[in-house]
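Each remark here refers to the structure printed beneath this line.
Naming follows writing order (A, B, C, D, E, F, G, H, I and J), and every chain is counted from residue 1.
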Amino acid sequence: MLFHVEMVVELPNDMPSNMADEIKSREKAYAQQLQTQGKWRHLWRIAGSYANVSIFDVESNAELHELLSGLPLFPYMAITVRPLCRHPSSIREDDR
Amino acid sequence: MLFHVEMVVELPNDMPSNMADEIKSREKAYAQQLQTQGKWRHLWRIAGSYANVSIFDVESNAELHELLSGLPLFPYMAITVRPLCRHPSSIREDDR
Amino acid sequence: MLFHVEMVVELPNDMPSNMADEIKSREKAYAQQLQTQGKWRHLWRIAGSYANVSIFDVESNAELHELLSGLPLFPYMAITVRPLCRHPSSIREDDR
Amino acid sequence: MLFHVEMVVELPNDMPSNMADEIKSREKAYAQQLQTQGKWRHLWRIAGSYANVSIFDVESNAELHELLSGLPLFPYMAITVRPLCRHPSSIREDDR
Amino acid sequence: MLFHVEMVVELPNDMPSNMADEIKSREKAYAQQLQTQGKWRHLWRIAGSYANVSIFDVESNAELHELLSGLPLFPYMAITVRPLCRHPSSIREDDR
Amino acid sequence: MLFHVEMVVELPNDMPSNMADEIKSREKAYAQQLQTQGKWRHLWRIAGSYANVSIFDVESNAELHELLSGLPLFPYMAITVRPLCRHPSSIREDDR
Amino acid sequence: MLFHVEMVVELPNDMPSNMADEIKSREKAYAQQLQTQGKWRHLWRIAGSYANVSIFDVESNAELHELLSGLPLFPYMAITVRPLCRHPSSIREDDR
Amino acid sequence: MLFHVEMVVELPNDMPSNMADEIKSREKAYAQQLQTQGKWRHLWRIAGSYANVSIFDVESNAELHELLSGLPLFPYMAITVRPLCRHPSSIREDDR
Amino acid sequence: MLFHVEMVVELPNDMPSNMADEIKSREKAYAQQLQTQGKWRHLWRIAGSYANVSIFDVESNAELHELLSGLPLFPYMAITVRPLCRHPSSIREDDR
Amino acid sequence: MLFHVEMVVELPNDMPSNMADEIKSREKAYAQQLQTQGKWRHLWRIAGSYANVSIFDVESNAELHELLSGLPLFPYMAITVRPLCRHPSSIREDDR
């Protein structure tokens, strides 16, 4: 089941850079692990912004929340979730 | 080059249903042709809305505009475009 | 799987009253059928508005969209969907 | 009498984690006590957000305010209240 | 129990003036009846707008909705409702 | 001359509690003095919010500004002002 | 007593041009009469818009509403009113 | 003197196509004449929208309003104007 | 050439009061100097707000920016600028 | 390929002035280098704001993001990007 997720990162200006680097490093590892597992299907940068558009593929709303709230950057992001479903004009079998 | 496109359909309530059907039929054929050509990479319905989220893959802004303004439903849609680019944490080679 | 759905009805002022009555009558029957099936768990009026807040219980985003787009009033409503999940402080087993 | 309440938690980034934990712990006990009393009828997490949607069942606006302003997280939340009433199409006797 | 209600009137430009006059006349009689009964405690015009701010005094959310949805102008108004309660600094016994 | 005033209090999270208490205490005394003088006609809490809706009765815009800017909480509030006038359907002589 | 008033004109596209001309002609005469009387102190066009910014000088909120609601274009305008008062840094005696 | 102007075209759905074509044809001639005169320095389409971003070079606010209100599409456009000036980091002499 | 300028002051809560006083004192002197020169034609307080509405009379956008960015409070204000021009119904010769 | 970019600078009030000066100095050098290379085609100040409107000319969305995220002020700016393309009424060959 697919969800459209937008994440806008808002790191506090006074966060020490080594702390920011450590969080971002964990975020990257976490994101890549979820992509490898097929849970995080797409991950794009919005050009010009410290923000992304993502497509998640999960079993349930609960799993989606568990994955998102586990993001190392979760306390520093504004997240918007919208449920997706198959479009009647889609020809791509996998975009269920 | 990828673009994130949202389309919200706003057909006038007083449009005759056969006219609406004819436009939607042409829209579907057009959408499937662009998908077959690889220009319209993803097409999802937003659950609960007469709206979609799409990913286009085009050569330029000009090609994007040409494709979108050619949509049979173009005069009846509110369209929002955002340029995408590769995310540094993405592991999916094709999500350029 | 639960979803929070808000529906604001916006009937055109020039719709003939017998047509409006017929649509509302079908809407009521449809809503009660879905409630009986357990798909539409809660349905409340927002005081002072021609609008409701509802909780749906469905298998998937796709089923949610199918149910909502089948509403007789669907072409005349602004609908907002948000996925819900169990709150860690909830003591109500059924509010999964 | 039912009220629809949304709460979005906005803890300051610089709050010490033990202070945050202590407030959240008191919040959980308070929420569970009100649920046991039947005052806080439903409590759901909005997937992807540090936020909830709740249904309160109280005698009056004054009781609602007293309960909400007593929340340990009250100073750190944006709260929106909307009065609900029975929907004419509802078949659920208790959703008064 | 007091509620703060804002009503913005949006009559369609093409409504025949005698129809508009007839609705407004019934609206005035209805408003004055509810004021006489003490249900509609205050009614003010917002200067420069075809809109009002009102204070209702009702037994419940359900009664509030019944009164508001019975307004002859109800189909032509945008209505916003907010529950009020006594302010701890108020010295006016009746502003409960 | 009546004015509709909304005040939303936004105290900084890091204000020492004794300082906050001292400001609120002065605010309460000031509010009660203006009520006694008949300048601050109504003062209601918006249920669930650290906010109020008030009706002021003043001689002029200048007097209104003088009273509002003298509020001890003035630097910590978002204030919205709207001029009111008598509604043609009002039966309450004093709601001028 | 001064008020800042913004008016945005929204004439329906299907209004016959002679009817529009007749309304605009009456509007102009009315505006000039109020300016001559000193009630409508300033009237500026916002460049690029069918809108104006105006300063009214009236005795009361009630007089302001009477003048504005008497505008021939009143049913076709979105009007925003804000009360003004003397600025402590103003050196212009008349900008009371 | 430069101004940043955005124009969003909103033609009514029920305008006859020959009337729309005639207006657009006059609009194009008018736009090209102003470009030739150097008044309309830049004109770009916003990809995916029936809208443009333009840079005007005029003597005064009054001249800007005269040019914009003379647009054949003026009654059917939402126009936003912002004054520009030379940026201290600009190296382009003509972008005054 | 006239411009409509709104300024909303947002001084940080933790600015020392003597620093705030010093800035406000310089702001007042600056504002009065520009008024004396005829550049700052009108300056009004918006009742109930730490904000003003002003009319500037300048030679160009560049001069307007130079004057506004020179305000001692400039780093602490949200400023909105709109170009004005003569209204065809104005009878006041000086409101060019 | 052209992009319309708006940048609003929001420097924290408590940034030391020498740090701010150093960042602005690097920003200016960076902006002038990109202008010299033809990547940053236009750069205008929005009168009255610490903000600019810019036109970028790049090969791809990716290049645009690389240039923008390299701005020394990037962490302190709100940036909005819109893709542009040639307008059918444009006579300026270079505004592709």
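As a working rule, a contact is a pair of C-beta atoms (placed from the backbone, for glycine too) under 8 Å apart; a residue touches a chain by one contact, two chains touch by 3 or more.
Only a predicted model underlies this, so the values are computations on that prediction, with no experimental measurement involved.
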item: Between G-I and E-G, the pair joined by more C-beta contacts; value: G-I
item: Reference chain E; chain at largest CA-centroid distance; value: J
item: Superposition of chain B upon chain G: rotation angle, C-alpha, nearest 5 degrees; value: 145
item: Whole-Å gap between the CA centroids of chain E and chain H; value: 44
item: Gap in Å, rounded to a whole number, between the CA centres of chain H and chain B; value: 27
item: Chain G and chain J: spacing of chain centres that average the CA atoms, whole Å; value: 39
item: Chain J: positions in contact with at least two other chains; value: 2, 45-48, 61-62, 64-65, 81-86
item: Interchain contacts (touch definition) - all pairs; value: A-B, A-C, A-D, A-J, B-C, B-H, B-J, C-D, C-E, D-E, D-F, E-F, E-G, F-G, F-I, G-H, G-I, H-I, H-J, I-J
item: Residue ranges of chain D in contact with chain E within the complex; value: 1-3, 60-62, 64-65, 81-86, 96
item: Of chain C, residues touching chain B in the complex; value: 5, 12, 15, 61-62, 64-65, 68-69, 75-76, 79-81
item: Partner chain F, residues of chain I touching it in the complex; value: 11, 13-14, 45, 47-50
item: Chain F-facing residues of chain E, complex; value: 2, 4, 27-28, 31-32, 35-36, 42-48, 52-53, 55, 82-92, 95
